[in-house]
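In the part that follows, the structures are each spelled out as structure tokens.
In the two assemblies presented below, subunit A is common to both, partnered first by subunit B and then by subunit C.
Our next item is the complex of A and B:
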């Protein structure tokens, strides 16, 4: 009897939850968008294939081998994995309650760069049939490294100060990624066309910042009127040498 | 009880000596020019130590068998002067044996450590770190780039701390995670550790060398058989020690040249 009444209530609970999500996700009618591309000039370094010979399972999974992801370019001289975010302007964004998810799969970090907001929950999963030892290298937040044997539950954590944190695996030295811990949840990571889009921005004067792990940050001021869409481009000067 | 002890001691001695003599736990196939000498040295060492081991255990067994049941109340007699001279004699005998073994074995040891690598040896620079080996080849210019320890960064693959933007010699250095060498050509490794003591061990090469931080550890060998062999770290170097390994790939000379060319072209 009890379970029946609970099951009858479920659609209403679902509906309520759905409407909350719609309200949160639905931007204001006068909100605008800042979109654009991240490009480069110069000759970028050639990424080398990652040698996973010491972990044969992964070497077999990545055939042909994955290339290093420090500088990933696309057609039209664009850069992938660049974090673009609002560093000033607009109302403060509430801390998301939904966890950011980071995966260790096939001896790779997925995604290569994971943006998240300060104090947002972070879950780190492992899908591999052998152990990893994830080791973020923060400079402002406390440093730690934790082992995750196969089948281990996700590591649940968060970062309390904004910074770009390099992540490595103490067992597989080629595993390399970043946590981009930001003060805002208005961010995007460029795709393989170098494109980004920051939507749902109320009218204001914004500072938009881009960050690339090898070439650092750039900023632009953008004034956005109600309902306006502005297109901007960040351009990095690159050199053929990765280090 | 004494007779049982005598039987157990004799059986253990005979079985263990027999297993060693039969090469039951012998290392895998030898693929290096120095291997036969090391194997012969190992055989000689095992024969000398085995003879002493077997003799002492059998004598122990014999005496235990013969004198354990002292029912007729005979007085126990000692060697003249008590056990002291006997112990002294044993120490001298064992000492002489160790010295002889060291002297004989040092010839093989010196062939590896006191003899420089041949001038045409392929030079490969090795960086060991928790928990991987990385290998560096000089590239077409035959020159290694200068190492800047402060530039070492695993995140962007700069395992050796190179500065190609300002160092021309570093630009064509090839860095890989598998040690690839040509067959029948001498190879010189110069090995460094970036953190703790590691050890480079390839059982098939009969080569095992600790890599001590702060020192350049040279090691040279000539591989005689094409194939792929495991390189393992044999110094407990931390949490991931069990996973610290790489591979030695021995290629025919033409395939090796092609491989190196492909790597340099990247």
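Our next item is the complex of A and C:
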């Protein structure tokens, strides 16, 4: 009886050991990449220049003025600041211990969209010689609002539920950004060519999701074989209005 | 076959009837369907226990008109509240975000905080005080309000911030408070004289995007969250969550916070506070010694 149960268990143990070996001994050989672009069809809204006259230091620093960043387009009908991430598939990703960093500099949030994983430490810095208030507007996580005068240490925090959180400064109402709090650390934000690349993915069936602050989420299924690179495109239908 | 069709027809017919009934305006108060998200809740105010099952009846009678059957602040009266005229929309209880708290920013208020808010109401808004209800009734209402957001199931109420004893409001304290008012840039919204007319005042919105005005100290009106110096201390150290008013707890030391309280009292020119008397006396004895509050001239000018 005992020998039977052991023999029954053996294949599982073998399977487990095998997969551990694959992960530990050979992390890269079979890992693949999902890359591509985020594009749009239609007429995007025209971004307006940001009037920073209320904060003369910033108005001086941004000359010509910065444009609003709700919908940032590039040549070839591409969209910048789109978060692309693995929403299903692959092994679970451990919570990074390295803090995600968000900066307030010259009355702008840098980066405009900051992806991070649930429970990953988040540090919010200010470089500006005047006060800001950091006011994230979550729906699922607790909303808070903190003042950060010049020279104040970074605000250290984290978010415990996945959510796209708008961030604003009430003193400088043009300051507007997002925390993309995700269940994974497999994410990318499109650059000014609209490009993204998700590397180091073990073979699996994945759901890849993109998120743009005006146009929301889209998802695609991608099956990745060992060592394979697949190219996908997300296309948003845009309208000339902000909502 | 025929019998099946008739059964199906009967089913859909009655479904349609049910749907129609559901969309009929509820004139009879008893027809209101409450969309609470949690089971029964309790509230504890000192030794007093409130029960949501009892609070429901009171809510239906006194609160539903503005705060709505699902507690989202969209009651039938809500459309008449115009934030552009300074009248805040009714609180949306489904968010679990509250202005008047003794707890740090981001934390849930205590049951006492909610009880106090219901009791005192919100001056400058359409929320009246509810002293007309008994303590038990208000405790029951607090318990019921907690059923609209799942936050009360997953999170605990925060721990009230520690407030050191108030030192005397001497002139040194007032002047230091004035420096803090400049340094923390309170004037950006509240204005250099506390009139609520700072450079950022006009663009302020609450977390739902509705316009909101900064408090005008010169009116001498009650604060949003109370009347006492302790209430004032709590307001800027915890922040008024859901509004542009942030918490300063990370950057103002507890003992310094009293200095700011004492200075803020000098802005209430219409009610002539003792702090204002002390301050005016000092100013008349030291003419031209105070730098004006507000935007400092850029270096080199």
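Keep in mind that, in the parts below, the second predicted complex is superposed on the first by the 216 of 243 C-alpha atoms of A that agree within 3 Å, B and C clash if a C-alpha of one lies under 4 Å from a C-alpha of the other, contacts with A are read in each partner's own complex, and residues count from 1 in each chain.
Criterion: a contact is a pair of C-beta atoms (placed from the backbone, for glycine too) under 8 Å apart; a residue touches a chain by one contact, two chains touch by 3 or more.
Predicted model, so just to flag it, every value in this text is computed and none were measured.
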item: Superposed partners subunit B and subunit C on subunit A - clash or fit; value: clash
item: Which of subunit B and subunit C A:30 touches, first, second, both or neither; value: neither
item: First (subunit B), second (subunit C), both or neither touched by A:170; value: both
item: Touching partner for A:46 - first (subunit B), second (subunit C), both, neither; value: first
item: Contacts of A:147 with subunit B and subunit C, given as first, second, both or neither; value: both
item: Which superposed partner A:54 touches (first subunit B, second subunit C, both, neither); value: both
item: Which superposed partner A:70 touches (first subunit B, second subunit C, both, neither); value: first
item: Touched partner set for A:221, first subunit B, second subunit C, both or neither; value: neither
item: Which of subunit B and subunit C A:133 touches, first, second, both or neither; value: both
item: Contacts of A:243 with subunit B and subunit C, given as first, second, both or neither; value: first
item: Subunit A positions touched by subunit B in one structure and by subunit C in the second; value: 54, 130-131, 133, 147, 170-173
item: Subunit A residues touching subunit C - in the complex, by the definition given at the top; value: 54, 56-57, 130-131, 133-135, 137, 139, 142-149, 152-153, 155, 170-173
item: Of subunit A, residues touching subunit B in the complex; value: 46, 48-49, 51-55, 68, 70, 130-131, 133, 147, 166, 168, 170-174, 176, 213-214, 239, 241-243
item: Parts of subunit C lying in touch with subunit A, wherever the complex brings them together; value: 95-97, 105-108, 151, 155, 183-185, 188-189, 199-200, 203-205, 207, 239, 241-251, 295, 298
item: Subunit A-touching residues of subunit B, taken from the complex the two chains share; value: 129-132, 151, 153-159, 162-165, 171, 176-178, 238-240, 243-247, 266
